[in-house]
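Presented sequentially are two complexes of subunit A, the first with subunit B as partner and the second with subunit C.
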Partner chain A sequence: MSGKVLSISAYVVLACLLALVPLVRSDYWLGVAFIVAMWVALIQSWSLLSATTGYISLGHAVFYGIGAYVLVVSLDWMPVPFALLLSGAAAGLLALVVGLPVLRVKGPYFVILTFGFAELVKNLVMLIETRLGQFSRLIFDTPSLEELYYAMLALAVIATAMAAWTAHSRFGRGLAAIRENEVAAEAIGVPVTRLKLIAFVASAIIPGMVGGLLVLRTSYFAADQAFDATVSFTIVTTAIVGGLGSMSGPLFGTLFLVILSELLWARFPQAYMMILGALLIVFILFVPQGLSGLLRRGLRRA
Partner chain B sequence: MAFVINRRTFLAAAALAPATRLAVAADNPVRIGYSMCLTGLFAQAAPSQVNAYELWKDQVNAAGGLEIGGQRRPVEFVSYDDQSNPANAVRIYEKLITEDNVDLLAAPWSTPIHLAIAPVLAKHKFPMVGNTAASVKLREVKPGYIWFPTAVIPDKVGEELAAFMAKENVKTAAVFANVLPLAQEIKAYLLPALEKNGIKLVANEDFPPDIKDMTTLISGANQSSPDAFIVLSYPSDTFLFATQAKQLNVKAPFVLSLIGATISAYQQAFGAGVDNMVTVGHWSPNQSKWPRARPFYDAYLAKYKEAPDALDSVLSYMSMEILQQAVATAGLDKEKIREAIASQTFDTINGPVKFDGVQNTMTPTSFLQIQDGNLELVWPDSIKTKDFRPKKGW
Partner chain C sequence: MTMLRVDNVSKQFGGLKALQDVSFSVDEGTIFGLMGANGAGKTTLFGVIAGQIRPNGGTITFDGRPLAGQRPDQICRMGLGRTFQIVRPFANLSVLENVIVSAMYGAVRAHRLEAATQAGRRALDEVGLGHLADQAAGSLTLSNQKRLEIARALATGAKLLLLDEVMAGLTATEVAQMSETLFRLRQERKLTILIIEHVMGALMNLSDRILVLDHGVPIAMGPPEQVVADENVIRVYFG
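Let's look at the complex of A and B:
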């Protein structure tokens, strides 16, 4: 029990430290912290579905993209905070609508279906934009980087808190039962379909708002950029490096990869994608528990 | 740090370089930062930009360095990969400005990334001459610290293209457009202009960015044998169209592809097959009114063993020429540079350039045609290097 208190206080301290970053008064470091918070929010949300139930979504860019799109469209009628909430709601609604059919398939079929669905929505939005005669959209008078950063940090904290709550709740145990054996879980009375759908919707809302915040940061929306599939891939790879199935995994994975890419960026701009690729292979082969697993083992031995 | 390595390599190079005319403060290079699309969506297209930057740097350093208010200082680049992602590019420009404290900035690749970093430049009051961006949206950018030398602004392209087609007696046209922004913008302005010029549309189709087969589109249009095929394509579909138009024997005398036909690989791949193809661009090495054009072409060819992209390499090089001429008089003070860029007329490989707001008002919207392996300007009359020739076979 004391371990749990310890880890929760560690998170609180970390969140407070991150909240102080704007005091550094460097746009660059604030930008890095913004990216860290962004990936933590995305990966914690993704983990809520994929790490707990084993349904690996390779299409989370769709929620992020739809959030960006809804925000950019709704800004004409409402202030930024409402538009952001609407982004999250739209992503959740999309998950609700497609969740039932999509969650019927398992394993590699689910992976492919989510990926395909994201591409479908991307092309649909591109078509709609074309028909509207809007080929890309600019946003003016965006909030300052500090404000965007605090909003992103809040999303990261909420996503982490959701992950923490899920891990120790009846809901989370139901999801774990689905991961271990869905048929058996259903047989002993776990409401499998309902739980999966709730997890799917919950894992979509925050990515929708993250997409909205990011489009405010770049002040430019084009569908092919907003639904960029590499977002989906990066979520999965960072989660694997960090370690699936633990609250700290997404945090470690993000910190490690963001810091690493910042370092490699400056030192070896030509090679850093190759190094990232090699690292991913090393992690999958030799450190399947990810960084958080490595750390746990290290602590146990100590 | 990349900076240390760059400086070290630079010092080694400087030691080998012959003695130069003006005083060179070799220990104090001018650092120019930019982000590039080394990986990701635009990775294939980006070398045409970076090559032009490197050529410019070599030439400036060979001449003794960049002239800054009477003194010459060597140039070095500080660059990072943005993975073709506007959000990364925003961070990179913030890093270049606030962490690396570069002296000057060069432009990134693509319209989205230009538009994404415009607010960063405005916030830090750091002037930057853009290059590889083309959209009517550019005009919406608040003028101040960014400028766009391109003449490929979709509304003008649409109107000029229709006028050009009308003059070449085009009566019927098939229009195919990629759904990506630039193609769609041009189409939106082209269609009404075609109507105004009495040109009948026999086909009007959109296609996705990763299209693998255009045979149905092409053969469908072939049935009404239009005078013109206007293919508003991006590089990969430009190559695909040339392959399949040849197979399906497109007979139209006026055939245009939007982006990609100016890349030297295009002519390498299709040879005489793409002779008389029309494309969008406002530069030709054969325009004798622009004395800097031919030397640029020759130097690029000598360094990279291929011709420069008449659109993007040229715009990239122009943007550096503009910066170079601005700092020659203004020095490195950001506000003085801004004033210089906003008010001076610049002598570039593409002729004179002057900005009004964010836009270059001197370079006319023009069209190029591949003629016997050369890119010739065929429209408008004021700058054309050759007459238009109808396309005969593939």
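Let's look at the complex of A and C:
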């Protein structure tokens, strides 16, 4: 129990420290912190579905993209906070509609289907935008970076809190049973279809809002960028490198990713993707429990 | 009172008639045995009753309510628990966690962790797994995984248990222990049990009534001593 209290206080301290970043008065560091919060929010959300149930989504960019698109379109009609909520709602609704058919298939079929679905939506939005004569959209009058950062940090905190709550709840136990053996889970009374759908929708809402915030940050929307499959790949890779099935995994994964990309992205953009790929292979083969698992083992030995 | 009533149930897989017009009823508080060679349709019958397999015809009534169109999880929450012949443990969860999920989602609806843990521990103790509660379920021996199957079905708070070859692979001593456990469970939990078993002696000893299936067709039904003397059964079993 004291271990639990300790880890919760560690997270609170971490969140408070991150909340102080704007005091540094450096747009560079604020930008980096924004990206950190963004990946934490995305990966914790993804984990809510994929790490708990084992249904690996390779299409989470679709929720991020739809959030960005809805925000950019709805900004003409409503103030930013409402547009952001609408982004989340749209992503959740999309997950609800596609979830029922998509969650019927398992394993590699689910992976491919989510990927294909994301590509489909991307091309659909590109087609619509082209028909409308819009190749990209610019946003004027965006909120300050500081405001956007606090919003993103809030999403990261909410996503982490959701993951923590799920891990110890009846809901989370039901999802774990589904991951371990779906037929047996159903036989002991777990309403598997409903639980998977709830997890899918819950894992989509925050990424939708993250997409909205990022588009406010870049003040630029282009469908092929907003729905970029690299986002999906990076989520999965970072989650695996950080370690699945623990609350700290997404944090470690994100730190690792951001440090890596800050070091490499500017200087060797091509090498960046290659190194990401190589890391994924190394971790899957040799460190399947990820950085958080390594650390836990290290601590136990010490 | 009738706990389970199966009327004219049939199931076909392509050209294979797995079950043909199977009818029987199980009285509350009794142990009902299902006998038959491999491929006789026993496990298919379990799947049909528990909702995993949709029958082509016939009706099933459990505790006075028809089961048609109900999903397995709904049937479980009505108070029907089953085990799987090929064990399906939640391998990466602890033994205790396995039964806690059962209690949380099953018919007892012990949503809170304390209540679910209590119900789970009781079920583990009843099948003799209490001392292994903290082990990963996947690390258990096969006979203990079979016990876990029973514990998980018990922890749902089932009134009717469907046990699919829970004694296969057990030693003679363990079979005797398991029979004793099942008698005691029936007494203490007021259970009704439907059991598939290849260990003939154990089935004879346990069952109040037995149904014998041969290639999906019921060929004999009645008390054990009557069934073993049935000429159809003798022909099929001892040729």
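As a working rule, the second predicted complex is superposed on the first by the 289 of 302 C-alpha atoms of A that agree within 3 Å, B and C clash if a C-alpha of one lies under 4 Å from a C-alpha of the other, contacts with A are read in each partner's own complex, and residues count from 1 in each chain.
FYI, a contact is a pair of C-beta atoms (placed from the backbone, for glycine too) under 8 Å apart; a residue touches a chain by one contact, two chains touch by 3 or more.
Small disclaimer: the values here were computed from a predicted structure and weren't measured.
**Q** Once the structures are superposed on A, label A:181 by its partner contacts, choosing first (subunit B), second (subunit C), both or neither.
**A** Only subunit C; A:181 stays clear of subunit B.
**Q** Would you mind checking which one, subunit B or subunit C, touches more residues on subunit A?
**A** B
**Q** For subunit B, which residues count as touching subunit A in their complex?
**A** 1-3, 38-41, 79-81, 83, 85-87, 90-91, 94-95, 97-99, 111-112, 115-116, 118-119, 124, 135, 137, 140-142, 179-182, 184-185, 188, 206, 208-209
**Q** In their shared complex, at which residues does subunit C touch subunit A?
**A** Touching subunit A: residues 50, 52, 71-74, 76-77, 81-82, 84, 88-93, 97, 100-102, 104-107, 111, 152-153, 155-156 of subunit C.
**Q** Over in the complex, which subunit A residues touch subunit B? Could you list them?
**A** 26-28, 31-32, 35, 123, 126-127, 130, 133, 135-136, 138, 140, 142, 214, 217-220, 222, 224-225, 228, 230, 265-267, 269-270, 272-273
**Q** Under the touch definition given earlier, write down the residues of subunit A that touch subunit C in their complex.
**A** Answer in residue numbers: 170, 173-174, 176-177, 180-181, 183-192.
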